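Each chain carries a letter (A, B, C, D, E and F) given by its place in the written order, and its residues are counted from 1.
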Amino acid sequence: MDFLFDFLTSIFVQFQSPTLGFLIGGMVIAALGSNLKIPNSIYQFIVFMLLMKIGIKGGIEIRGADLSAMFLPAVSTVIIGITIVLIGSFVFSLLPGIKREDGIATAGIFGAVSASTLAAAMVLLEEEAIFYEAWVPALYPFMDIPALILAIVLANIHLKKQNEGKDSKVDVWGIVKESLRGSALSALILGLSLGLLTNSESVLESFYEPLFRGFLSVLLLVMGMEAYARLNELRRVAYLYAVYAFIAPIMHGLMAFGIGYIAHVTVDFSPGGVILLSVMAASSSDISGPPTLRGAIPSANPSAYIGSSTSVGTPIAIAVCIPLFIALAKVVFDL
Amino acid sequence: MDFLFDFLTSIFVQFQSPTLGFLIGGMVIAALGSNLKIPNSIYQFIVFMLLMKIGIKGGIEIRGADLSAMFLPAVSTVIIGITIVLIGSFVFSLLPGIKREDGIATAGIFGAVSASTLAAAMVLLEEEAIFYEAWVPALYPFMDIPALILAIVLANIHLKKQNEGKDSKVDVWGIVKESLRGSALSALILGLSLGLLTNSESVLESFYEPLFRGFLSVLLLVMGMEAYARLNELRRVAYLYAVYAFIAPIMHGLMAFGIGYIAHVTVDFSPGGVILLSVMAASSSDISGPPTLRGAIPSANPSAYIGSSTSVGTPIAIAVCIPLFIALAKVVFDL
Amino acid sequence: MDFLFDFLTSIFVQFQSPTLGFLIGGMVIAALGSNLKIPNSIYQFIVFMLLMKIGIKGGIEIRGADLSAMFLPAVSTVIIGITIVLIGSFVFSLLPGIKREDGIATAGIFGAVSASTLAAAMVLLEEEAIFYEAWVPALYPFMDIPALILAIVLANIHLKKQNEGKDSKVDVWGIVKESLRGSALSALILGLSLGLLTNSESVLESFYEPLFRGFLSVLLLVMGMEAYARLNELRRVAYLYAVYAFIAPIMHGLMAFGIGYIAHVTVDFSPGGVILLSVMAASSSDISGPPTLRGAIPSANPSAYIGSSTSVGTPIAIAVCIPLFIALAKVVFDL
Amino acid sequence: MTLHKAEKVVIITEKLILKGVCEIIEACGATGYTIVAAGGKGSRNVRSTSDRALVIEDFANVKIEVIVKYKTMAKNIMEQVAGKYFENYSGITYVEDVEILRPKKFNND
Amino acid sequence: MTLHKAEKVVIITEKLILKGVCEIIEACGATGYTIVAAGGKGSRNVRSTSDRALVIEDFANVKIEVIVKYKTMAKNIMEQVAGKYFENYSGITYVEDVEILRPKKFNND
Amino acid sequence: MTLHKAEKVVIITEKLILKGVCEIIEACGATGYTIVAAGGKGSRNVRSTSDRALVIEDFANVKIEVIVKYKTMAKNIMEQVAGKYFENYSGITYVEDVEILRPKKFNND
């Protein structure tokens, strides 16, 4: 009862948070046919800024952090990413009318992580003054990369079975390298290194940090417009993708919450960290995952996984999962 | 005497204000053939930011505002926009060598509003610490849209008369929709909605507000360069356009000042509000008006209305009208 | 001994400064094949912002400055620029396997100034709380333009000698005009004028100044990536270019330090000013110099001068020269 | 694979009317089109490429290319676009012979 | 100077596979290529030009032009690109006759 | 309406010399031209498209197209541009046959 009340209040507050407002605003103006557009270069720069901020801040914190406290959470993120892909692939294989590699690719996208969703959660935690270890957001590649690789491997095994003749080995290291070279992970790792190795507090505090919240608002606007624009893609594929994309974020997040809770009990992982871990699990990749999959599983239909992730998965993760996990944490950890 | 002195002082101060400095600077470097350019995406983003700031701030203020106090000013803006177009069309119809639809389109542009001029006035009011209701700038569509629509309707009635045969009805609702979908009004309305419906103070104060003044300086630089670049267009059309563009802003502003004064007396409309209303009237559309007219009155010569507005109207509105109305307000309202 | 210790400490601190970190970070991620890219429009806007900041601040300071105190330093910058080009051209003419005009162009680039290197030095001086006259950075055209013009004149004299028949006079005034019209100097001079003539403190303090350090970090990232990308060009030309590019910045800087020291003794030029003068001398043009030379000395091989400057000269100037001159100043001026 | 003769219609005009031009192209039965941002100079004006601030972005140029199988369709598109727009808006149109690989892609039969 | 017959191959496809397409072009022996950012509409989708935020930038279009001296090389490039990519990725390819000024520039003989 | 034969000259070269190339085009009597931003690879270098930070922007490529009515004018433009610039700057030029709708637009007679 109390939990339900807390949750509903939290949802209500969240709906008044500008974070969510910008996302929904983007969807609404796109639906109304607005010609407003955020220039592509601004969008790219914003993504760069957000990831640099996450990276630098994480790097600075890791400098002074107890590495052993990071170990379990880091391992957990890997496990969560892999589990999501395995479960998702299995579920899709049971559903009718779903091409095998399309299902695997979609599971891969939901195993991977959305940086914008993660950033939205960070802002909300700061607004609610819930503490988290600054290195937690920087863990996201540990979930992202294994999930994408596993999906690619699974799809290739499947395709190999289909056409016995052609034997195409999966170049795992090649995929890892391509992921790390992608603009998103490059920025994050660059930021991490700068945070770790240089005295980057001043530039963080004078630039990357104060602009974070504002740039995030613009990014969420873009994401909202994109969510609407991609609905068409979703319409072309089986409606079961939409169902999956609706339910999966909540399930994945709850699973991660449980695993995070264990880390809380064992290595004193912070409640805020547990929330962020859950949000990572709930989120689905919208920026870097799709091109990776499109390159590595060419025969998978991008409309399936992009539509599911961008048009349903991300809005659900931001609008439902973030307030849900915050509310849950308040009850569970008695915040 | 005193007024003249105040006015001259105000003009002098204004000429030292960076706001005007950037406008003039832009004109000068363009005239000197500088290759400096502000990238298009930056320009678009700046316009977005300024309109979001006006919108969010307006929306927040409307939340707590006395709606009845807004009614008269809102109605006044509509009346002012319409009156400007009617007078302008009539004046141009009396002038020799002016094609009918060119005159109507030019009157329409001067009835419409320039967001950059409005933003410049806002910054100057803040510098002079003159109060205005934050919802006033958000009234600008009430002047902009009716003025553009009226011009389009008038032009089409005229064209219909000319070629009796072809009966082309004007799709008023279509034009309104297109206006609202334009990037400028979309951003403003999005901002208004976010201000009204979400707790957007934090993002306003951490991002949109602190960057406002700086981004405006860049925008005015662009406007100055554009004013010079468009002088060529003005040279191709009758010099009477330049005369109109020189006189009209002052006349329109004074008319609006009078109407605003009535609102001051009757519903306690603030002196700052009266100034902003006058500046809106004095300003002429430079961003969203031209393409609307070009699409809806294809046979009107864009060199006429764009040249008049961008190369003469906007510089006059910023350099002459803003200090004039501030000086006037100081005398009239005894500030 | 003490000096060496100071210098090494300073180098060590500098290596932890984010300024240098971003430069090296850019080189490393480019070497690793990262796809991270800073959009071109963002880069252009950042350069604009940095030069406007230097200009406005310089202009404001000149307003109240003792012009006679500026005279000697200004003359010194001209002399330094010219001397660098003369020495460089002479040195290259002695080296084997170097085409005459390629050597002259390279000397010209090293006589010219890099705005990003200069900005990096400014940030470091501010971090170390070493005072400098705000008009010093604005002196940079006094070194930049004479150096480029001299190189162009020398190259043309040489080419004229080669093919007696064709007499091509060098249009010095044309080159000066083109330089001043270039986007970099236009922005600087615009900023200077605004600083001198308008009350631009507010916009400087609310916008250009707070964003300076952050934007510089992004610029240095771009410079680092560019340095790596241009290494290929360097490989195509004689390795002596790399040797020159390694040694010259240090020599030029030390020479300028000496001249600056004289100005310190005679007209009380600040130690920070001496450092900045040395950094200008040590730096080599990376933005505006190359296209100027490419246009004016078409037969000179751009791989030679761009490779030397961007891939070796700039990193050496930032990573070695800035800390070296700061350390030197601490000893010499007993800071 | 063999190559098949086809026609490429090119239209260079103002961005403002892009939507209308594309509607004509689709109505004429073309299976697709390609758009490129352009600047240029013609009888009316110099239109800048999109790299500097375009205060009125819709006045930049676009270049639209349409591959169609038959000359008649090509001419139809050209005439409709020119007839509807080129009195009041800047623009030119021309057609070139090309050879395509997979004719079925350009079929709307 | 006289003009010499040559062929211009045009490939319009997704940016994502640009690298692979360029490798094929070079492997076939072409001496260069030119790339232009493009948007468009085809059988698969509307692809936006690069001016609005492309959340997935690799899905924008590019137009690649290659001048080669002989039709056989032209056909070779077209067939390899189409064969390798056009089943799973959007794309079209066509070829045009052109005349070039300095044939040596396009020689790889 | 009937279509009329004409020539399309294409010049792909460095942005730095765009102004000079356009002057030649106008001096030769062409009525207009169209410019598109381009990247590419040729004998000299890889030139990036304009989307990543171009520290030296003038070194990007542009593609310039000029429609002229007669082959002589086409050749004249090509030879002048190549003669003046292509020794020291990157660039290629070629010409194609096209058919235009309204020949008067391309007249400078």
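In this section, contacts are C-beta pairs under 8 Å (C-beta built on N, C-alpha and C of every residue); 3 or more make two chains touch, one makes a residue touch a chain.
Chains and their UniProt names: A, B, C = Sodium-dependent bicarbonate transport family permease; D, E, F = Nitrogen regulatory protein PII.
Since this is a predicted model, take the numbers as computed values, not measurements.
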item: Neighbouring chains shared between subunit C and subunit D, ordered by label; value: B, F
item: Number of hops, subunit C to subunit E, where each hop joins two touching chains; value: 2
item: Longest centre-to-centre distance from subunit D, chain (CA-based); value: C
item: Maximum centroid distance from subunit B, chain identifier (CA atoms); value: E
item: Which of C-F and D-E has more C-beta pairs touching across its chains; value: D-E
item: Approximate Å spacing (C-alpha centroids) for the pair subunit A, subunit E; value: 35
item: Cα-centroid distance, subunit A relative to subunit C, in whole angstrom; value: 43
item: Residues of subunit A whose C-beta touches two or more other chains; value: 37-42, 44, 211
item: Per-residue multi-chain contacts in subunit D, two or more chains; value: 36-37, 50-51, 96-97
item: Every chain pair meeting the contact rule; value: A-B, A-C, A-E, B-C, B-D, C-F, D-E, D-F, E-F
item: Complex contacts: residues of subunit B adjacent to subunit C; value: 15-18, 20-22, 25, 29, 32-42, 127, 210-211, 213-215, 217, 221
item: Subunit C residues touching subunit B - in the complex, by the definition given at the top; value: 39-42, 44-45, 48, 177, 180-183, 186-187, 190, 193-194, 197-200, 202-203, 206-208, 211
item: Complex contacts: residues of subunit B adjacent to subunit D; value: 37-40, 42-44, 222-223, 225-226, 286-287, 290-291, 294-295, 298-299, 302, 306, 310
item: Residues of subunit F that touch subunit D when the two form their complex; value: 1, 3, 6, 8, 22, 31-37, 50, 67, 96-102, 105
item: Residue ranges of subunit D in contact with subunit B within the complex; value: 16-17, 50-59, 87-89
